[in-house]
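What follows is subunit A paired twice: with subunit B in the first complex and subunit C in the second.
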Partner chain A sequence: MASSSQKQGSSKYVTLISSDGFEFVVLREAACISKAIKKMLAGSFLESKRGDRCHFEEINGIVLEKVAEYFCYNYKNRNREDVPDMDIPPELCLELLMAADYLDSECKKKSYISLNYC
Partner chain B sequence: MAEDLPLPRLSWDPSRESYSKNLPRKRVRLSSPPISSDPVIFSSDDDPSADNYHSQERRKKRFRGPWYRQRPASDEGSQDSHEHEKKGKRKLERQFDSGVFMGSDGTDMDEFMEEIESGPASLPLRQSRIIQTEKAAPTPEELAQGQIQRCLEDGNESIDLSSRALTTLSNATIRPLATFTRVPPVTEGVFTRLEPKLKIFLASNQLTSLPGELFNLDRLVALSLRGNQLHELPPSIGKLSNLKELNLSQNGLRYLPYEILELFSDTSRLNSLHLHPNLFHEPQFPLSEDDVKEEEKVPYRIGLGNRTRQSPRRGAICAVSPDQHRRSWHTQWKVTYQARTEVRFLDINGTLVKGPSFPVNTLESNSFHNKIAVADVNDSPEPPTSGDSLSRAPSLLEVALAACAKSPQLPFIADFLPEHSPSSLHELLLKAAEKKESGGSKCTICARSFIIPRTEWIEWWEIAKVLENNSTASAASPLRQMENERDVLEKMVPLMRRGCSWMCVPEKLNVPEVEKGRMAVDGRLE
Partner chain C sequence: MPPPAAAPPRPARQIRGPQSALTDFLASQGINANQIRQDADARRAAARASMQTAGGDDDAPSPEAEPEAAPARKETKAQAAKRKKEEEKAIAKIKASKQFQRRRKQYGSDDDVTDEDDAARAIFEESMAPLPGQMENCEICEKRFSVTAYSRTGPGGGLLCPKCSKDLDKEEGSAKKKRKIAAGKARRQLQSNLLDGIYPGAKDLMTLCIETLAKNVHNADSLGDISDELVDKIAAILSKKRLMTPETLYLFLRPGSQTVTVYDAAKLSSDDFIRIFQIVPTVKHLRLRDAIQFKNKVMDHLLGTTVELETLSLHGSNLIDDERWNRYLTEKGSHLRALKVYHTDGHFGDEQLEMVAKHCPNLQRLKVCHNQKVTVDGIEHISKMEGLSHLSLELYKQMDGFVGTVNCASMIGSIGPPLRTLSLATIHYLTDGVLEAIHENCQNLSKLRLTDNSFFTDAGFAKLFTGWLNPPLVFLDLHKCRHIDAAEPRENPNKIGLGSAGFEALMAHSGSALKYLNVHSCRHISREAFEKVFAKDKTYPEMQEMNISFCQSVNDFVVGSIFRSCPNLKTLKVFGNFGVRDVGVPKGKILIGVPNALGMQIEGTEEDEGRVI
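Up next is the complex of A and B:
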């Protein structure tokens, strides 16, 4: 999985790696919903030099799988009028909440204008 | 004196006739402890009324007997109680011997009483009253619970909880009312509806929020919240489709939920509505150059009142509400869209990104700063970002928060957050808990339920009652200018609309040219 994503090149897909070593290959466009990932890939982070791989030391595989699923869900429904609900198992909700906060956090620390250049 | 004592006891000692006559009390037995044993019919039973055992009434009476007799004894001297205890025991033994279950083997009469006292909610009327007075200091809410319980048992449809110094009202207090059933008349051959017409009076308390269960009582006919400290009304108020009277006056309300318009739909029954006084946001109409030029002379000739009268007329230009065609209003009410503020766009955690700031609901800001500028008629809301990232899909934060809200452990979930987690998460979870308590909210554009609003704006709607002679109640005569001004202001009810995504914004209003022309003619005529 990891090797295939590296072959696919740097443009279209990105690889998200969890703290316990699981890798998820997601559309770059879908993953860039998260301001944190967007910054990781675009800016001064080490991640962008290593072939579009994002390491998340704080997110484990099970949660990151849900996050990746959300990226796809969000991407698929981006132009739809009636968006279906996404199922989240109750045992994951709190960890996912923290992951969501983390993935959104980069933008919060900067001002909102940071969106324009990142 | 010694002879006097038995007399009250006699009056309490329930003869069989008094039981069977006391129908209402017998009917409402929803809360009594379940009967664990089967009906008893024994040939060896020497009770004179044994042949009545097959009837349901007799069985109930048998079960109640022991502790009903005990009750006057506890009021009187200890000697009396001993006598009663003995009597009770004898009875128990006899029935146990005959194979009838009346409590566990070791059941003592004292234990039995303790057991009853531990659960006041499951007690019939008289007993619960005694326990209430025995308690040291019951909270206002506990008293309210008792009152609700009493109303349930008596079949009393108007629940008067006004002036009880209530500060909070929980869902658990209101929930029993959902099972309210009317006491049917005993006359033979008469059939009535058992659905109650509940009236709840919560006036003159210190409530700051309302429980969501209150709005699940679809049999609610009258609701008075007069004189409380409510700053916001939950959107679920729109669910009260049978409501006839609603009193919201003397609260700190700045706006009403948009969903309240449901109460004016053609299927609703709302008849009387009291909204004022409150701290409602008032629309501030800009005085454009055209107005000053064209209408300068006319208004000032008539006086002060006219300056405000021109305002709603200006607003009326945009009376072409986007969803007017799909709503039909009740004939009793005149409901028209007047104006709205600019749209506030909020970030995924609820912070303002773009848009006007509304005066906040604090005590300091109560000082008459409640005017908000209305948006231009041609205003089309522009989200702060470009088209790519715009989507109706909820944010991951919202999705996760909704999942948290579904869990029954929501109030305690915040305790599981690690120590270093940001305080914003705690706030979000608190907000989610509050929202769940008050019944949740739905997007006013796409009807999706949400926890954190992404857009919000206030719309002013004219809500007025249509009188029989075809005039609206608050339409004042043009001669009384001072009243006119107040009436015009009070007719404009601010309704808060919230959307679940940045695409959930009001549609741009297309004002037809004909309409514009007509308004211009109207203006000249005046």
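Up next is the complex of A and C:
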């Protein structure tokens, strides 16, 4: 994969870096469906100053690759309905689940639901 | 163009169907009306120069056939050119036709017909094909057969005999059927997702992971170190797919955990329930649904352990008798903070509620659902539970309306002030007195549910919400509060049920904070009331989900106004509202229950086109 864009400020792409040093360049718009990444890039975190590079110390390369693939898959299918499910290898399932929980790909919590079942 | 086949020897003539003697005679002479019409068509389009006769005599071809076929072969150059020209014209016309475009779409995926010209020619020749009721040679086996409306065309465009069609059907059939089934399945899945409130499109990563996990759950040894919230989500999805078995239960019994939730315990035995307490003795919050086998035996075991439950939620445990309930409440009631019992059939009645009032001083939540035993006396016992902040009752026992209302009102009078949620569902006999009691005593409610009642009046509701000191509600469910009269269903002289005045009052009071509103079957809310409440200048920023099914006055305009007034609305249900025909749904919102086969139509935005789902 190409190295990240060197220029400062908000480029069209962001770089995700895994704990074992793999780098993945993805579209900023695609990556920002993750609330965590959005906050990393928007807030006053180190990432926003260091040329849009996000370090994930707890996610390894294999899992992060799948995450990057999901970002592309989601971006590509953003305006479609009957979307075929993305293939997820069962052995990665739990690790990916934890990564997804951490990144919070899409927050769909409904606060009143908890009220509903009181 | 199929070559004109020589007429094979004609089998013995059979008379089929209602046919006059004249037709029969003409047919035997090779003359029939279809043939004549077709000949004329053919000549006009100059498509097929030689048309063979539909049938000759037994041995020799009929004398008329020869001269008809002969000139075609001997046509002059000018004639041939003319014929070709007209043929091209006809094909061009077909290409422009709608039928052709549709056909192209159909075949597009099949790669059957790649060339446009070929496709057009196929249709052209098809239109030239013999009409039902006459004889034709099969394209594949060359056998003679009579054409019916069901005769299908072969790969070359000619017709096939029944036997060959059958063979062809067999070959294609399975693939075609599979495709059809898959399409149906996909459509149903989409609708099912809509009902679950999942917007069509790519699923989020977490859902994908959990679904994959559910598929492979039999290979999993343990869930490892993941958060309680995720474990709960996985448990919910496994239960939805009915995969919660004694084997998979172990994944969710994590020693040291405080919470055990099984959303579908129908496949678990009594011993499995006992194992829960053995493996997770630290459990504080136990929630079990469909726990039919949670019976006396399990209760006895629970009473013998040191487990101190703070939350006990049992759904469908109708095999625990009243004696066990009494023992449990006396011995372990003091720890309970939340008690929820659903579907207990003949057990759990007034006596048990008395025990709860006596032995559970820390109780904050009480829910008694789908209960057939609790009577007005039970309601009286509830009024002694002063620590309650959440109360939910769904009682099915018939009782006197007057006494019920008095007891309920006095119960609300004594425990009303600290209540944060109040739910009185399906208690048919309550009257306006209860609404008054709520108005006067409850000032901390965020959720209110009063459903399935035909005594509350519109004026009563209006009075409840007018000048109520309670802050705006977040959750309100008043479904099926309406007048029922089979003889005169449309009349409502006494203004029973939630009507226009009540609806306007409730939106004025709670509209600013309301997230969930259910007024389904409140039939007497007028269109004017809806238009007034969802007028141009009114917005309800918190509203997320609304159910206005079976409100007869709702139409396209009202639905459009609701989408305009509630910018954060996610789901709107409009079952049985026949005034809703073709309203555009803004992107990102779900409209459920449109009474047509089309489903909901998403409006286009600047970036992409609208679509129909």
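Throughout what follows, the second predicted complex is superposed on the first by the 95 of 118 C-alpha atoms of A that agree within 3 Å, B and C clash if a C-alpha of one lies under 4 Å from a C-alpha of the other, contacts with A are read in each partner's own complex, and residues count from 1 in each chain.
Everything below uses one rule, namely that a contact is a pair of C-beta atoms (placed from the backbone, for glycine too) under 8 Å apart; a residue touches a chain by one contact, two chains touch by 3 or more.
Not measured: the values here are computed from a predicted model.
Colleague: Could you say whether A:70 touches subunit B, subunit C, both of them, or neither, answering first, second, both or neither?
Modeller: A:70 contacts both subunit B and subunit C.
Colleague: Please indicate which partner A:83 is in contact with in the superposed arrangement: first for subunit B, second for subunit C, both, or neither.
Modeller: Both: A:83 reaches subunit B and subunit C.
Colleague: Following superposition on chain A, which residues of subunit A contact subunit B and also contact subunit C?
Modeller: Common to the two interfaces on subunit A: residues 67, 70, 73-74, 77-83, 85-86, 88, 90, 93-94, 96-98, 100-101, 103, 105, 108, 112, 115.
Colleague: Which stretch or stretches of subunit A touch subunit C in the complex?
Modeller: Against subunit C, subunit A makes touches at 67, 70, 73-74, 77-83, 85-86, 88, 90, 93-94, 96-98, 100-101, 103, 105-106, 108, 110-112, 115-116, 118.
Colleague: For subunit A, which residues count as touching subunit B in their complex?
Modeller: 33-34, 67, 70, 73-74, 77-83, 85-86, 88-90, 92-94, 96-101, 103-105, 108, 112, 115
Colleague: Give the list of subunit C residues in touch with subunit A in this complex.
Modeller: Contacts found on subunit C: 186, 190, 200-206, 208-213, 215-216, 219, 223-224, 226-227, 229-230, 365, 367, 390, 392, 421, 446-447, 474-475, 515-516, 544-545, 607-608, 611, 613.
Colleague: Spell out the part of subunit B that touches subunit A in their complex, as residue ranges.
Modeller: Within the complex, subunit B touches subunit A at residues 347-349, 353, 384-385, 389, 391-397, 399-404, 406-407, 413, 416-418, 421-422, 424-425, 428-429, 446, 448.
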